[in-house]
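A short write-up of the structure that comes next.
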Amino acid sequence: MINKFVASPEAALADVPNGATILIHGFGNAGMPAELIDALIAQGARELTIVNNNAGNADTGLAALIGAKRVRKILCSFPRQADSWHFDRLYRAGEIELELVPQGTLAERIRAAGAGIGAFFTPTAYGTKLAEGKETRRIGERDYVLEYPIHADYALIKADRADRWGNLTYRKTARNFGPLMAMAAKCTVVQVRETVELGEIDPEHVVTPGIFVHRIVRVPASLKRAA
Amino acid sequence: MINKFVASPEAALADVPNGATILIHGFGNAGMPAELIDALIAQGARELTIVNNNAGNADTGLAALIGAKRVRKILCSFPRQADSWHFDRLYRAGEIELELVPQGTLAERIRAAGAGIGAFFTPTAYGTKLAEGKETRRIGERDYVLEYPIHADYALIKADRADRWGNLTYRKTARNFGPLMAMAAKCTVVQVRETVELGEIDPEHVVTPGIFVHRIVRVPASLKRAA
Amino acid sequence: MKKLDRKQLAARVARDIPEGAYVNLGIGLPTLVADFLPKGREIILHSENGVLGIGPKPAPGEEDEDLINAGKEPVTLLTGGAYFHHADSFGMIRGRHLDFAVLGAFQVSARGDLANWHTGAPDAIPAVGGAMDLAVGAKKVLVMMEHLTKSGESKIVERCSYPLTAARCVDRIYTDLAVIDVKPDGLHVVDIVDGLDFQELQRLTGVPLKKPLIAA
Amino acid sequence: MKKLDRKQLAARVARDIPEGAYVNLGIGLPTLVADFLPKGREIILHSENGVLGIGPKPAPGEEDEDLINAGKEPVTLLTGGAYFHHADSFGMIRGRHLDFAVLGAFQVSARGDLANWHTGAPDAIPAVGGAMDLAVGAKKVLVMMEHLTKSGESKIVERCSYPLTAARCVDRIYTDLAVIDVKPDGLHVVDIVDGLDFQELQRLTGVPLKKPLIAA
């Protein structure tokens, strides 16, 4: 019997090695897998490359991972926020590498990894600092920049519901990067609010099919930290 | 008030010019917008370029459009079927041009058009007849072929439900190319089994958001031909 | 002259958004446009983080941390709205499905180059978000900004000194002093605030302007 | 010797598909494998046209024209299945998410090249479907075919004479005579049908074979 449920965030992340590339779901706090990140901090892996839209807020979640100096490099679209002090401090000290990627290009590069696309031409960032040194091409009447996929070892995702095959639904704008990141990692680890019996998710409403999901941990909303 | 409903298939397709490129949804009969195709035949536009996974079955729908000699060129992955006699006859007579595209490349080229991607490298067809003359590149450990988007003037789609903003759901494997084609055309025309009030489609369950849809015609199942 | 305040500027932009338009409002000043869209006109607001049909701010206590806009502020969803993932969301943007993007700016050049993401200061932490996607993707890019910097320099310039967001992307500029169209043959003034004449607007602006066909 | 019939061949392939595998069964002979998957083993079947979790054929009269497989035959959906669109479906294929694709073949070369889409005959109407995507995308490509053509020639060849579907993609070949692994150092016989010895198999096959470690 296929059963992708695992007992705890700690068990789900026990094998993360130093130097791993990890996609972390979430746009700000919406979709951020806080308990999985806590487990990653506790697990101790270092020299990580992290992919997230942002670079953490305040002192929890991704910000705590960065603050604990576990992150060698981050790929994101919007690191600078009022409360991104952990990232700001390490960035100014030269202790964390930043690859700034336009948000749509970030999403598309993650999708490309999941969908087996080797590279793609996007119009975004053409003629800007963020395309410096990159291959460009005029196709039709638009100019494009060549961008490459972002493959990862792990994806850490927060979804709403999951069944034991790994079919997922999300909640409102907490969907954001989740379905893309789930496709792009060798091992996709998901925390969900609720686990359900097979068949409780209508096959028309599955957002991430189980083929993309490897490990699922239930984190009931009642256990959630006061954010 | 936004209202994308139109009165009839004929009204929805009145402005199709000769020489238009038209995406036609459907994998075999599942998702094929038969009544819209009938209206296109009645409308009379000629020299069409058609994109569909197949090249028509038996004597109705796309096969009838081809049989009526309205199609100059077809892009598809699988034209040859036991009952594709209209296509077969015109193809052997040199009266229809065929661009054979692997199925996944066909889907991805349509998506690329909808998503503003200028071109992409795919591993499919590398080293085969279908990549002859195309640009190739080794990226990492795989070889890729460069493929370009398929932009269209119209998309003809069969969906299950629609509201007046154009939000769509599909039914089972009749989803297939629909959500992709809806993104890739200047004018997306949809026939649906049922029209519903705004809000009846759960925002979590919308498959094609209304931004991609321009005209909707209700074709109740009771009016469907005996297939 | 009567400079427009932030609300008046937002109302001026809102007036130009037609029924049925799909619109992305950038973070900051452009977000204010939502409050001034004419009642009874159905306009569908998009946010990069995967939502179409954004409604008014939630009542206090009704916020949902899973329903936010690109500025990470709590929002509501209109009846008829839809959720989708980031690749679909930016497919809408890059694929030219949005009718309008309304964006803030540091500078706009006479040929429509936009600079709105980075001051270029060596110690600044760069952050781009969806700005570059919106600038290249929307059918029409509308810029909202103050006409002058705090030190009185024109933000409409011959050539942007700040790093570009995208080249030749801006269609129309709304400032607290005027509305100006960016066209292939130059900058065309559409209207000017009361009490300011074309000559004075030209004097304040860094680059040549063309008079409106009907004098303001 | 006891050549395997179509059902026996399908059962032989089915035996090798492990619990939890995601599998695409090609049109024709490979589709038959579904009927022989061991009961109690959960295996999830994928079809190119946007479905995971294909179940048994529907009972007569229970067919749904909107629920078909890639061969356009009516199917059912298992509890736990899911629908999705073609770009996601081929993302699964190209992105190496499928554990196995089971494909028919005209020819397989000694280095694992596959020819299964086109005879190359000048008057043949070419049709490729999802074959090229599956051949390059699945983690393991299993081929099912008769060992010999009707005229007695080996379909395992030094170099394919038919147009290729993909180069160096086949991992294992199941024929009515033997199971053969394609490895970097050549073709390794895994097992042979009763009544056929290695020497005779070698004689029938177009290219050099390596003996199984434990004689069949």
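A few comments on the model shown:
We call the chains A, B, C and D, going by the order they appear; numbering starts again at 1 in every chain.
Just so it is clear, contacts are C-beta pairs under 8 Å (C-beta built on N, C-alpha and C of every residue); 3 or more make two chains touch, one makes a residue touch a chain.
Worth saying up front: this structure is predicted, and the values here are computed from it rather than measured.
Counting C-beta pairs in contact across A-D and across B-D gives the higher total for B-D. Averaged C-alpha coordinates put the centre of chain A at 35 Å from the centre of chain D. Taking each chain's centre as the mean of its C-alpha atoms, chain C lies 55 Å from chain D. In terms of their C-alpha centroids, the spacing between chain A and chain C amounts to 29 Å. Residue numbers of chain D whose C-beta contacts span two or more other chains: 77, 83-84, 87, 90, 93-94, 137.
In chain A, the residues that reach two or more other chains under the touch definition are 108, 111, 115-117, 122-123, 170-172, 203-204.
A list of each chain pair in contact follows: A-B, A-C, A-D, B-C, B-D. By the touch criterion given at the top, residues 19-20, 22, 42, 44, 46, 52-53, 77, 79-84, 87-88, 90-98, 137 of chain D touch chain A in their complex.
Those residues of chain C whose C-beta lies close enough to touch chain A in the complex are 47-51, 64-68, 72, 77, 83-87, 89-90, 93-94, 118, 123-133, 136-137, 163-167.
Chain A contributes residues 108, 112, 115-123, 137, 139-140, 142, 144, 148, 169-172, 203-205 to its touches with chain B in the complex. Taken in their complex, chain A has these residues touching chain C: 27-31, 77-81, 87-88, 91-92, 98, 100-108, 110-111, 122-130, 170-180, 207, 227. Only residues 1-2, 111, 113-117, 163-165, 167, 183, 198-199, 203-204, 206, 209-212 of chain A touch chain D when the two sit together in their complex.
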